[in-house]
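Before anything else, here is the set of structures, which you'll find just below.
There are two complexes below, and they share chain A, which is joined by chain B in the first and by chain C in the second.
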Partner chain A sequence: MKPPGILRVLRPAVASFVAIALAYLLIPNLVIVPLSFSAQEYLTFPPAGFSTKWYARLAANPDWINAAANSLVIGVPTALLSMVLGTLAALAVVRGSLRWAGLAASMVVAPMMLPHVILAIGLYPVMLELGLLRSHAAAIIAHTVVGFPLAFITVMASLRGSDGKLELAAMTLGATPWQAFWKVTFPAIRPGVAVGGILAFASSFDELMLALFLTGATTRTLPRLLWEQMSDFLTPVIAAAATLIVAFSMVLLLLAVLLERKPARPREVA
Partner chain B sequence: MTSRGADLVVERLSKSYGGQAALRPTDLAIKAGEFFSLIGPSGSGKSTLLGCIAGFVTPTAGRIAIAGADVVDVPPYRRNIGMVFQNYALFPHLSVFENVAFPLRLRKIGSAEIQDRVKRMLETVRLAEYGDRSPAQLSGGQQQRVALARSAVYDPQLLLMDEPLGALDKNLREEMQYEIRRFHANMGATIVYVTHDQDEAATMSHRIGIMRDGALVQTGAPRELYENPANAFVAGFLGEANLYDVRDLRPGPGGALKVVTVDGLELEAEAGKAVPAGSLVACVRPEAVSLAGTDAGPVIAGTVEDIIFTAGTVRCRIATPQGARVLMRRPLERHRQAVAVGDAVKLSYRPADILLIAKE
Partner chain C sequence: MRRTAPGEDKAGWQLSRRYNWLLIAPAFFLLVFFLWPLMRVVVRSFVDPAPGLANYQAILASPVYLRVLYNTVETAAVVTLLCLLIGYPIAYVMARAQGVKLRIVAALVVIPLWTSVVIRSYAWMVVFQRRGVLNEGIGTVMALFGESHTPIQFLPGALAVHVGMVHIMLPFMILPLVASMRNIDRRLMRAAGVLGADPIQSFLRVFLPLSLPGVSAGSALVFMMSLGFYVTPALLGGPRHMMSAVLIEQQANQLLNWGLASALATLLLLVTLAIYAVHARISGVGLAGAGGRA
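Right, the complex of A and B next:
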């Protein structure tokens, strides 16, 4: 398929525009990488010399190890909860006969649009009252509010792409609604559910505001520790930690992209 | 593997959505093993009726009995029916074999028996070699044959088909019509078949039900409906018809009945037949009209306005001096005594072929 004439003329221009846009999106994230290999004792730009000692120091510091563990302990349940809630909400909106499906969908997505600080201020007294403040549970609950809309959106997209008649067909063939979901609907939306889970995990893994309000010294996440270290010690250890976080997030996003592309394959015949 | 189909009884069944009647109170009885088609324009309620029988649509009132058992409160998955959809509805993540095996696996049938039954079923629809393929690798006709196999492999007592050939092109449709008839003859299940294609319904069914505005207008064998339509809608929907609003009926020559139409045509009909009450329409089938030969009889004079050739037949539209239009259809071969546009012709017909039917 050839592009229309005007686009063909503009092609080099369009290509360079895309390149600039991508550079604009990525470079700020990558500036941190050379800083982490600096040989100097504090953060300077441009960095001077080359050293990997900051990575060694990072690995030796139990604070960073604990923060990484906390991020996982909070991120994984957040992802699981988001996948379950997002799938249920998407099923209700796409397959259900809700009168206010559009409004319900907007309300599910709303937490994504609202400033996290407002959510944080609202959740703080609630968690205090429940005695959950500074617990992992508090962060999981808060992050799920933000992660669940992400899973909702991806699952909704894959549900819209799969034919609702398949579930009816399964039911005429003798499948209960529960069986129809697991044997027919779920295989069709599995990539959407997985991508939603990854995005929810990534959003939790990168989230600072809610973590600042709701976690404590023993439950603080990587972004929160990063934040605290920024104000106390400006050493390249911070850059090393940030580099690893960026790398990890990119791997997650890459995984999400690969999952979305993967075509459904029929099961082998026994 | 012949299975006895179940009989289906529908009594005073109705469905309305927010005061809007999608199905008016409907009665219908289908015999075990019968091939019954529902036809009608879109929005006539045929899919609603089928949905109620399948269990996807909860009727507002009325009763449905399959093999004598009331099923209105039975969910679709326990009605033991099969259903074939227009877009095939094959499971894209399963192979052809697994699609057909799906209902058997749900019924916890042993894997040796599943192998055996699926294999035999795929042979029946002539897809024995295609078990490992993915549905996406098959043509539309092949996919619909898989869907057919899947809907019948567990010997359902009732098979519902919702415009199963609607997505196929003409040649394939005809091949599949034959396929489904053969299938029905082998399986013996009761089939309720929804289509908007009257030829398809006439080709395949023992009986047809014609629907309009959420109501069943008439049911009967295809020929019965064609020869004795209940009203002008049925006459016009099933086959072609010349329909004229009747203004007056009066005694004609030789004890015949003279029919005067609103557009001034004067026709002779057989006297002594029962005539429905209310507004009448005179119906003449295009093949009941021919060029007047030597034999005497009533004639319609007019001018040939248009001639249309289709495979095997010629249709001529004749305009009468009063401004009425008469469609004449005859086999292509006989067109040797050629008529041309503009010719003055006389059309003859038998008074018995003038049907006086209700307008509504």
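Right, the complex of A and C next:
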């Protein structure tokens, strides 16, 4: 009776390995939050004392406020543009009759996979010639290139889950293609579009490389400011900023999860 | 990909033809702001500062640049392997879990994905620095045994880079693995059991081979994304563990040596495309359905 003996050891071993690996995933979040409430100048862990002075210093520094505003001014249009382009591309690939639909799909997804630094040094001269360098528009365009594949993927998944014949039925009954889209197709894929928009926003909100090349002193984003501050000095101010950014991202994640869960309810069949 | 069967009625065919036109706007956008910039990088690598292969000759002649390129591929390979070893058991548990357990594991996998890469690398810096979490922890344990501990210098170093990168890439390995494991018919395992296989045999001979598409998709995704890493190696690696993206950024942004930066970027592009082609060949599908964030 050898195998059951091995299993008795193996099963708890796998379980504890997985538990440790999952704990490892949580470490960075568990380090930053306590650090941001430290009373000391220097980064020590465990932090000594409790203080909210780093948050006060953060709020008093216009650089952080500006960077946060820039991140929103760049992130929101990126999300909207990504939703439009992602939905158009997904409709063409899933509902269309393109012979090279597979190629088109991998072309759309490609910017997500390629190292951002290649795109960054390529877009720099293009934006320079267009007179857009260091403007918000440059960052919005660049972030949309890497963000709209995310919307494309989520909308494509929604479209595959909904029946294309319904649009045809609506048009047979006299609806224009425009009406058929807004009354039939869009309600079915709305969660996919929304989640895609949130993902595109989140990717823009976290993007560093393109921002390093394409934004300037007045248009720099939060990741870029974090990056610049980090190379200069390490204080708990960065931890305070990081904690707020993480909290904001968690709200976004929650929103995405809630949106994705909704459509599952009416159709109980798995 | 195609929804319309050849024998479908005319109205459906016309409608699907009309949908094709919707690709124009995204295609135009990608052409101008993705393909055109990439082409300029490739062209620039041959013409800046003078037409010819000078940039590539400079790379081949320099042990420093070759070392960075080698280091990039090696780091990506090590990270991919570590992600697979750590991610496979997690994916296995996640694919079998249900209810609350599933939700907890899924949350633990997805939360890091939504935490800024810059911030996570910063956190690892706090962990690995001279008076950081790790050194203090070791010191505390040593003190219990009455020993003293001189802080180990982890930064800059390969260990910190690997730990930081695996942390960022792990979800990109786990999610494709879970997707492919969920497609495995559980009855096959039971059938193997009925036919006399013990659980370890049925795992090795049935489950593992059937999960290989996920292994291939996850590994290709992690390897490709690891090649382009910037933040983690720049912050934790230092000059001795430099990776391509750090070198390219330095050459272009700080030294204004755009020709050399373009040549390095072209090489990085070629390696990434090669990995993608190999993966597409093996699995017969693109990565479009495997990746994604949530």
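The rule we apply is simple: the second predicted complex is superposed on the first by the 237 of 270 C-alpha atoms of A that agree within 3 Å, B and C clash if a C-alpha of one lies under 4 Å from a C-alpha of the other, contacts with A are read in each partner's own complex, and residues count from 1 in each chain.
Note that a contact is a pair of C-beta atoms (placed from the backbone, for glycine too) under 8 Å apart; a residue touches a chain by one contact, two chains touch by 3 or more.
Treat the numbers as computed from the prediction; the structure is a model and nothing was measured.
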Touching partner for A:L166 - first (chain B), second (chain C), both, neither: first
Touching partner for A:A56 - first (chain B), second (chain C), both, neither: neither
First (chain B), second (chain C), both or neither touched by A:L26: second
In the superposition, chain B vs chain C on chain A residues touched: C
First (chain B), second (chain C), both or neither touched by A:L128: neither
Touched partner set for A:I65, first chain B, second chain C, both or neither: neither
Contacts of A:Q179 with chain B and chain C, given as first, second, both or neither: first
Shared chain A contacts, counted only where both chain B and chain C touch the same residue: 165, 168, 171-172, 177
Chain A-touching residues of chain C, taken from the complex the two chains share: 1-4, 11-13, 15-23, 25-27, 29-30, 32-34, 36-41, 44, 86, 89-90, 92-93, 105, 108-112, 114-120, 122-127, 129, 131-133, 136, 167, 170, 198-200, 221, 224-225, 227-228, 230-231, 235, 244-245, 248-249, 252-253, 258, 261-262, 265, 268-269, 272, 276, 280, 286-289, 291-294
List of chain A residues in touch with chain C within their complex: 3, 6-7, 10, 14-15, 17-18, 21-22, 24-29, 31-32, 35, 42-46, 84-86, 88-89, 91-98, 101-102, 104-126, 141-142, 144-145, 148, 150, 152-154, 156, 164-165, 167-168, 171-172, 177, 195, 199, 202-203, 205-206, 208-209, 212-213, 223, 226-227, 230, 234, 238-239, 242, 245-246, 249-250, 252-253, 256-257, 260
Sites on chain A touched by chain B in the complex: 163, 165-166, 168-177, 179-180, 183-184, 187-188, 264-270
Chain A partner contacts - residues on chain B that touch it in the complex: 54-56, 75-83, 85, 87, 89, 91-95, 97-98, 102-103, 106-107, 111, 131-135, 150-151, 154, 160
